Structure formats: structure tokens, C-alpha cells
């Protein structure tokens, strides 16, 4: 309870967190909320504009795509893939990257040299190209997308956690723990990790936003999932092709993507501020 | 059993040495040039010097908190110069440290209760949590802090209160030796007197040996039995306080003493030339 | 009665960040031409706030709620911005606390030392250079040409503080505010710097407000001294009088709290809680919560 | 940075590039889908396929393949593109200039825009403009290049079509170029019509890449400036009568560029990585766009060549940034 209060005092956490919670509920209950079947085609009703425009078809609030599929339902369903990728990919890369970062930052020596060199090599790949390449290698599908994101983005956690661990290790409280006789691993897990956690949690949130984007990019390039499954990136790619016939297929998933990424970002920054225990004097 | 607790002979410490793949790497900076120091049981030895004198490094070298590049350190008859971190750990309880900056030396994520009870349990100094709590409350009373302090976080206390927690943490371990590194330099005069009195009384009651590092000769005189004057990583003068303060042998000690402004009117003090010094910096 | 150089009258201020807690309570003091006046007190006493108010650099979180600061009769607090900024740096200058952060690491000493000469006096490059050499000579810096061409990181802390002193006295100011100018220095360097400030002050006939927490430093350099506690003036008078025959019990308690290397058995007497209680009662502060 | 430091860095850079080479090589050998199958006609006999495989060295063991390929790479020979049947180096040489021009344009835009806004924000400290600026910048920080590119397509390409939606230059503008650095060449040869058209094509991808960079520059530089502005040396300069703008530019900026530069360098490499998708969205004929085609076509030699090129650029940028940072910081020598 003690940790919840300061979080609620940070407006960014409340607003962004609230939005993401809503999105999560939409993803879970999409079949009950969505007005239509997102896959149902009706070529008679292709390229219908949203209800605000003249010539709209009632019941299709955000219009239809060229195959007559309901844009609103597809956007709502798209949140399922986006959030699945966000949570799974971000948690997995956080676990791997944090372990590596802690090892490199705390134990130093060979562990640090090897891990840092690995990170250097990873950083020399353009991430988008590498993810496209990985999905090409692994074959398309949700698992591949998540695996590609984890394989690329563990370095993000590794770098942040390594730097933060090294900064914490220089502080006197760590030396104090050493003089008391705590073991190296006790100091790492019980003394240092709680102080690395705020930054880590913030980066997890940012990473969720990045994962959503990467999935969208892969869908956009046409590598992510089969076109049967509605994804925001896939819809955007489809909308990009027919942008002059109907902007709505392009715009609404883009708005959903933008809002989601913005929310993860603001949540992360808000958390970082709210979780800092010591008001710097 | 010898009455000598700590004995350092020809201790050298070099910082920043590194081997490079090409060229010679970095030679590093030698900050201690063969320092001798002896501390008897129950005795408080002051280590005094200006910035760059190596006094803090010497203290940390005694506790093996910095790597020693030359010389030998014996603790209670045992040569600890080359002990590994694991081999040092059982000895850690017997040599404690109080830090200059009490804020940095207390883990900001832990409560005072955690900070004080966990070491007791680690070293088996308390039979159970309740016993640990009892001991901690007793020591809090001894350093004049109310029991509610236990539920506070470090940043909720004042500087003087934090430093008393630092003292409590050190003496709770029932050590033989305490290193006090500039423990009052951040405190106001009125708080400083209180903290020093507590430290002095506790060390007498418990028969503690203490290395008391300070830049302030007046504080050293008030607390210590013997004093070691350092400059540029070497010992300039060493002896019982009465001898060193009342009849200083080295020019440097005389220069230091002369430079201290005492709170009394002495019109000639400012203009009077300093005692001559061969190589004044 | 002749006019004082500085007359602070009933100055009160609050901290807007700290829920409007007073930081200065009805402070009055005067400073005569050419004297060194100490402002002494423990942390939170308000000594630094007074110094900042004199320089017109109070942080935005501190709000003056009453009183005047008169400099040669003119009210600094009511002065138009333009006039004030013309006064600052010319008639009132500052010697800062930490020589490490008071010189710009990216600029050479010459540029920093001649800023005031060129901006306030409109001196040309050559004239400013000549004056800078003269100033460095005055603060006893040998090979001044080399020092002028140096970057701050190439100089020792004592050397930097000398340059800052030279810079503070460069325009023959009437008042120098020295904000804990020796706190960051080693004790041997401190003595040299104290000596230098005193000599420059005497040579230029400048008045100095000397902020410090160290009664020993006060004893050595101040003609008169004001002791503050929680933003309130506790005692005010000639230095000798305050140290030998303090009028307030807090003053004597503070003197007794400081250890002295020449008196191993005196000092180290903590200020009794009764004294703080009396102080709080006098000032009107509610009892502290624990 | 001393000479031996630089040597160390270069050695590490070579190690890193070798790591990249090994990884990309191994990765590509497990790609499902046979590149040969994609390039042959349905009527080819198994013998034809085997011949082709031998031609591209695909019949050898993995270590041999790597050895041969790596020796060739050291000789500057990246092999022949399978899908385009041309020399990989030649293809990269044609496309890289487009990407470099785009990336540098975005860098210049990001640094200039970010620098100006950070300076203005610093001048506006303690006014209501400052938190407003921070808030807006916070939003800009959250939007990645991909989303910017799509939003720009919509805003400046469709709703208010001021800029061309795709390509690098209008194909009807049949200007002949001697080099592949069209922008630079058109400028130095005074072909202003071509120059204008190139710029018009570049605006949107440049904004998509440059806006996130600008936002980062604003935040970092503003924080560094704010830190410098509360230092005593700024206070002293203010007391000496220095104007606010000069305080920021002369006193604070030089001490603030150090940390900003390092971060900008890192972000610049990220931005070059971002060209891949941005070029794709705007059909901009750069290296990144070609890279995605190469992956889709399973064109192994081309992918290897492009990835190594990107890796080399990233490492080079990092070393350059360190060199500049060391040269900018007068204290560097004292610390070294």
C-alpha cells in the first residue's frame, strides 16, 4: 500500500495507466465489444467511410476496408496482438537483459567484458533490419515476432541495468553492506536491486511501447502474422496502399498505435519519477 | 595474545592502474607510499591530513576495501593482506566502519529497522527477530533516538540522526575495531559535539579500538589517544596526542596547528608568517 | 549620525517551497564602510539568505515579506531591475564558496577575470589585460601571464580562490559579499585566503560581509559579528566582546560546543536541549516533532 | 583520447565487426527458403540447380563457406547479389549515398532544431512557457520515427499534399548525375531545379527521422544547460552584467554540449537504423529499402553486405563522437 500512494499522485501514471487498463479490458473482451466479426468480408460494403461522412453504412462506425471488413472491430481486435507482444516480449527481454546487466555491472571482470562485447556487437545491427531478418529466419507468426523482439531488445535492459548497477555500487551503502559482511550475491539482490528497480520498471514500460511499434513495423513490412489476424501494423500497411481511396483504414489503427505507444511512454516516465524514494536535496 | 590489534607495514595503494592491449596501459597514481600504522586494543588513533594526504585511502586499505599494492596488514595477529573476499567475510563483523556521508551510507530503499536488524541476524548475534529488535531498541536508546525511528526511511531523518544510526549499526556488531571516516565533517557544531560524545563513550564502554579520520585537528584532539599526521600519502609524524599537539616535531604539523583559527582574539595571527616549511605547496 | 553603507531593517522572508516557513525573521543589522562583518550560524540560520538578498539573487522559492535593505540609503529591494544590475558586480560583488564550480571550466582565466572590466567599465582588450595582470600581482600570483592563459582545471583550489578574490575586487567595489569562501579549502590554504581577503579589503577600503559557520574564522577576520538562529538575530556586536563575554546563552553554548586542539579537556559540550527550547520560545517556533 | 586509446578502440571495432559478420553469416545459413529456388525457372533440372549451388558456394560446409566469404570480404569482395545478379559492393555503393544524404540532413535538422529550442527553453526558465515546452517535448519523445513517417504521409502527403509521397527524385526530371550523391552534386553544379525536387522528396523522411532526434537533443541539452546555469560561474557572470543570451551561449552551452554530444552520437546511430523503415514507407531508394527487399528475396550476399555496411557506419560514428568529445573537453587531457 505504501508504494501505491505516490504512484497515484503522479498524473502521468494515473492517466496513461488508466488508458492501458482500458485497452487491456478491450483486448480481453474484444469478442463482446466489437460490433462485427473482424474477419467477415462483404464485398458489397467495401470502402465505406466512417459514420460522420456522407454515404456511410449504419453500424460500421469507422467505415470498412476494401474487403468490406469493419474497421472498428479490426482496430479493437488489433489490441490483442499489440498487448500480447508488449507484455510477453517486454517481460522476457527484461528478465534476460537484467540478469546480464546485473552480472556485468556487479561482478565485472570477464563477465563484464564478454557481455559488453556482445552488447557492442548487437548495437552494430540496425534493429529494424535485424528484426526483419530474424522473422525471415524464424518464420512468421506471433512466436517469431516475440522472439525477434527479445533477441534484439535484451541489450536495452542490459545497458541500463549495467550502468545503474555500477553507479549504485559506487555508493557508500554498498561499501557499508560489504563491511557488515554480507555476501556479494546478498548485496546484489537485497541492497542494489531494489535501488535499480525504479529505472528498470520505467524501462519495461518504455519497452512495451517499443515492442508494439516493432510488431507494427513487421506487420507493415508484411512479415508478422498472417493477414487473417487483425493487427494495427497490417491495417496500416493495407491502408497505405489505398490511402487515396479511403483514409480511415489508415488513420484509425495509426491513432490506436500512437495512443498506445504514448501511454506506455508516459507511464514509464511517470513511474520513474514516482518510484524515486529520495527527493534529491 | 598481543595487545596490537591492527598493524600496517609499508602499505602502498595505487589507483587507476590498467593494462592496455596496445601501449603501456595506464601506470596509475600511487596515493599511499609505504605507510606504517599500529592500533592497540581499546585505543583511538586519529589520522589527520589535508586533501590528497591519503588518509581516507589508508582507512579503507586497513579494512581491505581498496586493493593494496604493497606492504602488509595484520589484524589480531593474522595477516589479512592477501585474504580473498570470502576469507575476509568472517572477520568483517569485528571491523566496522562509520561513513562520512550518512545519507549515502544508508540504503535509501530500506527502513532503519531493516538496516539495523539484518546484520545481527546475518552474524547470528541475535537468536531471533525479537531478540534482534530488542538489541536494536537498546542501542537506539543509547544513541538518544526514539524507537519510532525504526519505522523511518533514511531520508526522513536529519543529518545528525542519520549519523547516530551509522554509529548504532557499527557498534551493534560488537566489533573490536571501528573505522570512523570524517564522521562529523558534514554536521553543525552543536550536533557534532553530541555525535562525538556518543562515539567516545561507546568506544570506552565497549573497549573499541578506533581509527578516527579527520581533517580537523581540534576534533582529533578531543577524541583520540594517539595521532598520525599524513601528507602526500606518507606519515609525517606519529605519537601520543599530548606529544604531537604540545611539542610537534615536524614542520608540517606545526604549520597545520598554526593554521587552525581558534575562536579567540589574536590580532597578530593573520599577519604572522607561518612556520617555515622546506617545500611549502 | 553618518549613513551606514548597508542598513538592513526588519527584513523578513519565507520559503514558498516549505509551506511558507519563515527563513528570515525581522533581521536588522548595519554595515559601515570598510568593516568586515561576520554572519555566523548553523545550517538553516539564514546567513546565506541574507547574503543572497544583498546580491539580489534570492532563489524563486524565497519571498521577502517585509523590511528594507538600504545600500548607501537606496532600497535594494525596491530598486528598478536595470539600476540594480548596474550596481551588482560594480559596487557589490561576490566571493563564492566553492572555487571548483565558480570558474567556468570551458573558458580561460583571462576571459573570466576581465568580464567585469569589459562589461561594466567598457575597457578594451589590451587595457583589461593590463589590469588583470595587475590584479593577479595584487593577489600574489606569480607568472600571471601563464595563469591568465590557463583553464581552471590546470590550477589548484587555492589558486582559483585567489583569482576569484582578484575578480571580486577588480572594480573597487564598496561591498564584497564573501559566502563561506574558505569552507571548501584545506586549513593551510584557508589561512592564506583569509589573510588575502583582509589585505585586499584594507587596501581597497571595502566593506565585507563574511558568511561562515566557523567561530574561529570569525575571530580572525571579522570586526563585528551577527549570530543568527532560525532566521533570527540572536546576538550582534564587536567580535571580541561576543567571544569573551557573550550576552546570549546560545552564544556561549555554541562556543563551548566546539573542540579545541589546545584544550583537550574543554569543548565538546553539546548545546543543551534547554537552550534550544529557550531559543524556540524567544523566536516563537512551535516545538519540533520527532 | 591518446593514440594508444584510439588503437584500442579500432581494435575493438574490428572485433565487433567480426562478431557482426559471424552472427549474420550463421543467421543466414538457417534461413528457411532456398534462394536458388527463387531465381530459377520451373523448367530447371536438378543438375542446373546443383551447378548454381556450386556457383554460389552453397554446396560447401558452413565453416568453409564462412572462411571463403570472410576472406573475400577482407578483400572487399562481398559477392554477387542473387536477386539482382550484380556485384554487392556496386549495389551498396549506389544506394548508400542516398541513405547518407538523408541521415545527415536529418542529423543537421535534429541538432539545429533541438539546439535552438533548448536554448529558447533555457532563456524562458521560470516562465510558464518552460513547463509547456517540456510537456510538448515529452510527447515528441514518445513518438518513434515509424509513427512520424506514417503521420506525415497522412498530413503532408494526403490531406495537404505539399510533398511527394515517395521516391528520391521525380523520374521525369531526367537530370544526369555523375555521382550518387545527388543532393550535393546538384548543389555544387547549380542544378537548382533538381536540388529543389530532391529536397521536396527528402522533407518528409527527414522530418520523420529528425523530429525524434530533435526531441532528444532538446531534453538532453536543456537538462545539461539547466545544470550549468545554476553553477556559481554563471551567477558570477550574471553579477558582472552579462546578458541572459550570452550567459546561455557563452557560459553554459560549452559545458553542456559534452554530455549532449555523446548522447546525440548514440541517437544518430539509432537514427541510421531508423532509415530502414522510413525509407520503406516513402519508397526512398536507399540502403535500408534495398535491405528489406533483400530479406524478402532471401538474397544472402546482399543482406550480408548491407548489414556489415551498417555495422561499420555505426562503429565509425561512435569512434568519431568519442574523438570530438575528447577534443571539446579541455579537462580530458588532465583526466587521461
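For reference, chains read A, B, C and D in written order, and residue numbers begin at 1 within each chain.
The criterion applied here is as follows: contacts are C-beta pairs under 8 Å (C-beta built on N, C-alpha and C of every residue); 3 or more make two chains touch, one makes a residue touch a chain.
Note that the structure is predicted; figures quoted are calculated from it, not measured.
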Touch-connected components when subunit C is not counted: one piece
Between B-C and C-D, the pair with more C-beta contacts: B-C
Whole-Å gap between the CA centroids of subunit C and subunit D: 53
Approximate Å spacing (C-alpha centroids) for the pair subunit B, subunit C: 32
Touching two or more other chains - residues of subunit A: none
Residue ranges of subunit C touching subunit D (in the complex, touch as defined): 55, 57, 60, 85-86, 88-90, 93-94, 96-98, 101-107, 112, 115-116, 119-120, 151, 153-154, 164, 167
In the complex with subunit C, residue positions of subunit D that touch it: 126, 231-242, 250-251, 254-255, 330-331, 334
Footprint of subunit B on subunit A - complex, ascending: 171-173, 175-184, 186, 191, 194-195, 277-279
Contact footprint of subunit D on subunit A as seen in their complex: 117-118, 120-121, 123-130, 132-134, 136-137, 139, 209-210, 213, 216-217, 220-222, 236, 240, 243-244, 247, 250-251, 254, 257-258, 261-262, 265-266, 269
Residue ranges of subunit B in contact with subunit C within the complex: 50-51, 146, 148, 188-190, 192-194, 196-197, 215-222, 241-242, 245, 255-266, 269-271, 274, 281
